[in-house]
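Each remark here refers to the structure printed beneath this line.
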Amino acid sequence: MTAPDYGQAFALWRQAAGNDWPAYTQHAFVERLKDGTLPEDRFLYYLKQDYVFLIHFSRAWALAAAKADSLEEMQAASATVHALVHEEMPLHVEICAGHGIDRATLEATPEAPGNLAYTRFVLEAGYSGDFLDLMAALAPCVLGYGEIGARLAGNTGPYKAWCDTYGGADYQGLCFDVGRLIDAALARRLGPDWAQLPRATSLAHTFHTATRLEVGFWDMALGARA
Amino acid sequence: MTAPDYGQAFALWRQAAGNDWPAYTQHAFVERLKDGTLPEDRFLYYLKQDYVFLIHFSRAWALAAAKADSLEEMQAASATVHALVHEEMPLHVEICAGHGIDRATLEATPEAPGNLAYTRFVLEAGYSGDFLDLMAALAPCVLGYGEIGARLAGNTGPYKAWCDTYGGADYQGLCFDVGRLIDAALARRLGPDWAQLPRATSLAHTFHTATRLEVGFWDMALGARA
Amino acid sequence: MTAPDYGQAFALWRQAAGNDWPAYTQHAFVERLKDGTLPEDRFLYYLKQDYVFLIHFSRAWALAAAKADSLEEMQAASATVHALVHEEMPLHVEICAGHGIDRATLEATPEAPGNLAYTRFVLEAGYSGDFLDLMAALAPCVLGYGEIGARLAGNTGPYKAWCDTYGGADYQGLCFDVGRLIDAALARRLGPDWAQLPRATSLAHTFHTATRLEVGFWDMALGARA
Amino acid sequence: MTAPDYGQAFALWRQAAGNDWPAYTQHAFVERLKDGTLPEDRFLYYLKQDYVFLIHFSRAWALAAAKADSLEEMQAASATVHALVHEEMPLHVEICAGHGIDRATLEATPEAPGNLAYTRFVLEAGYSGDFLDLMAALAPCVLGYGEIGARLAGNTGPYKAWCDTYGGADYQGLCFDVGRLIDAALARRLGPDWAQLPRATSLAHTFHTATRLEVGFWDMALGARA
């Protein structure tokens, strides 16, 4: 199937990630969400780890706002942070409550190594590099979930709600916005031919490493490893 | 006159800043805003520098969200960033337009040394230190404007609008919130007797240095130096 | 067996890490180094990952120098960086050459997830926190290798050279120095009773998480997981 | 007079700084060092501020080592840190002692705003940006002193020792090394035509702002402002 058109950088980076991209977006965890065979306890485990993930993901977008160099970039990044911590996280708490996981349990979740690996990689790429490095590290999560959601949209199994969330118009709209933000940020700093520069290779490498760590996140969620 | 009660840390840090605190909050620039004798060109100069200031101030609050270690701290910091970049900055652009300064002029404002000094000190204190260091560096601006606003509230001269903004219930409410955020962050990390620790001295020193740089900002705004 | 006396913080943090501490310092990888049963290909794999590790470890110590707040702390951190990049890394390159791994191969080593997880956790703890957070994240590596080395000193099997390095006087001296640096940094900022503060709990948590990631590093080195 | 040939980036950035470059390198403070008319108390004031400056300058080079992305860059940055904190700072302490300023006095020096402004700008540029941003912010200091030193070499007045230090072979060699480090870092990331990219403009802007803050440093040293 063709990937959603989230922009030029996404198309290039996705291709440069090679087989690791489908290893992530078509991971067994995803396929079992799709066909409904994912055991509920693995889904609940995932929800708890995802709560911890969202905290660090929000911190990474906050760092993006700190590292932005135009008002537009700041507004885009801060709107994302705001949506995450004032809407998505309370919603996540509510969904978990619907599955019998209360907030205290969520907050006491021990962070699994596969979770630590991805979130700290993203944050560190952002701290050590600039806005572009941070975007390349964040992109596999934001846009990969978008690609998965686009494929699973309309799913009717036990994980319909999850599929609806990421396949829905709101999340897909966010992905197109983030894709445009990244393309504009690249052109603004590196010019229209940025893809020819050595910098493009290092950004693609960051995207690729983050993709590998997303595979590890699904492995962890599926219980294939801690 | 007594200072507003923005909490324990503010009271201690304000006192430790000695004469530099009134040198800032009762600076000639402030007194001339109050008695209406501030030349309009100095006010316009201030508005332009303040636009650049707000960009870096927003970045500093975004960094605070990245450095927070509880959901409550993240929500408080991200709400402030959001208010700054989605409300305060557009409002600032509008106010400047009312004074004949268009957005292109604002964005082309060369950042004065006194402006660079304060904003970079705050951001660097945050990057090199932790959430508490960042709060101590941000506090003189947030809470100092609160104290000035509380004193100038009800002013009827040419700078009534400015006085109303910082003396008004919204801004004063923000100051009480930020004061509580700081006190809670200190107690959360350092316990109830934090004021006895060596760390308290270094935080007070950061607050004091930031206060001295606020004096420099007013000097610059008044034209006493670049 | 008793642990080496690398200072107060080490003793407290080590204990707070519970069973994860021996899971790291008495990991099967270590025991096989000791009894000589570690397959050579796993040792060579470890050497290659360790090269990448040392780069990020050096970066973390450089960040410590940037975050120091006294000349003594800067000198200690910068001496460590200098030893790492001007002595230890060239030595590592030489040792690898002795095992038939040339420098180009070393530099092309794909960084394994278990390696990424630990190094990025350390660097991010340092960027988001202050000097103390960075020390708590670095300590399990520096001092854990010290404890392992002290236990394996005098080993005569195929991994004698490795045991001699970490069990030798130079490395043991470094561990005592780092232990003193950490204790002094804690007392300097938090006073003599720092262990009673909430901050002590969060630092112990950072040390514990880093210890868990060291277990993951050995797992990876042993081939138990990528 | 022609500038020393410290490389391509220096030549471009120096030119882009316009009149602010000679305002810095031919500042009255420098001219009075040259003709020997600088009052000794201003020189002693400068020495004390320079001690505080060197601490933050060393921290900035340590940050560069943390942000490097090759072993060569790390080695260059860490060698500079090491020379600064283990040689230059002890030497500075000794020189000050020769002028009757003891170490306790040096360490108690209140950091002047013009000093804060420059050092925090450099560090913040490094934290918010990447290795290149940090180099562009550091370059005016390293290479500007080199250009001044080259011009004042052979001076025989009361400030002969200062002129000999910066005009001497060691310091001039460092400048050529740093110039090469910067050119190589640019080419490595942005390719041979980096000067055509928008990024080049923002780097030149960072260099220019840092140059303006160096003018402010001399103003402060001369007593023209705090």
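Note that the chains take the letters A, B, C and D in the order they are written out, and that residue 1 is the start of every chain.
One rule holds for everything that comes next: a contact is a pair of C-beta atoms (placed from the backbone, for glycine too) under 8 Å apart; a residue touches a chain by one contact, two chains touch by 3 or more.
Predicted model, so just to flag it, every value in this text is computed and none were measured.
Counting C-beta pairs in contact, the pair that comes out ahead of the other among A-B and A-D is A-B. On a Cα centroid basis, the chain most remote from subunit C in this structure is B.
Separation between the centroids of subunit A and subunit B, computed from CA atoms only, is 35 Å.
Rounded to whole angstrom units, the spacing between the C-alpha centres of subunit B and subunit D is 31. Here the CA centre of subunit A is 41 Å from the CA centre of subunit D.
Of all residues in subunit A, those that touch two or more other chains are 59, 66-67, 123, 127-128.
The touch graph of these protein chains is complete, with an edge between every pair of chains.
By the touch rule above, subunit C contacts subunit A in their complex via residues 59, 111, 113-114, 116-117, 120-121, 123-124, 127-128, 209, 212-213, 216, 225-226.
Listed in rising order, the residues of subunit D touching subunit A in the complex are 66-67, 69, 127-130, 133, 188-191, 196-199, 202. Taken in their complex, subunit A has these residues touching subunit B: 55, 58-60, 62-68, 71, 74-75, 77-79, 81-82, 85-86, 89, 123.
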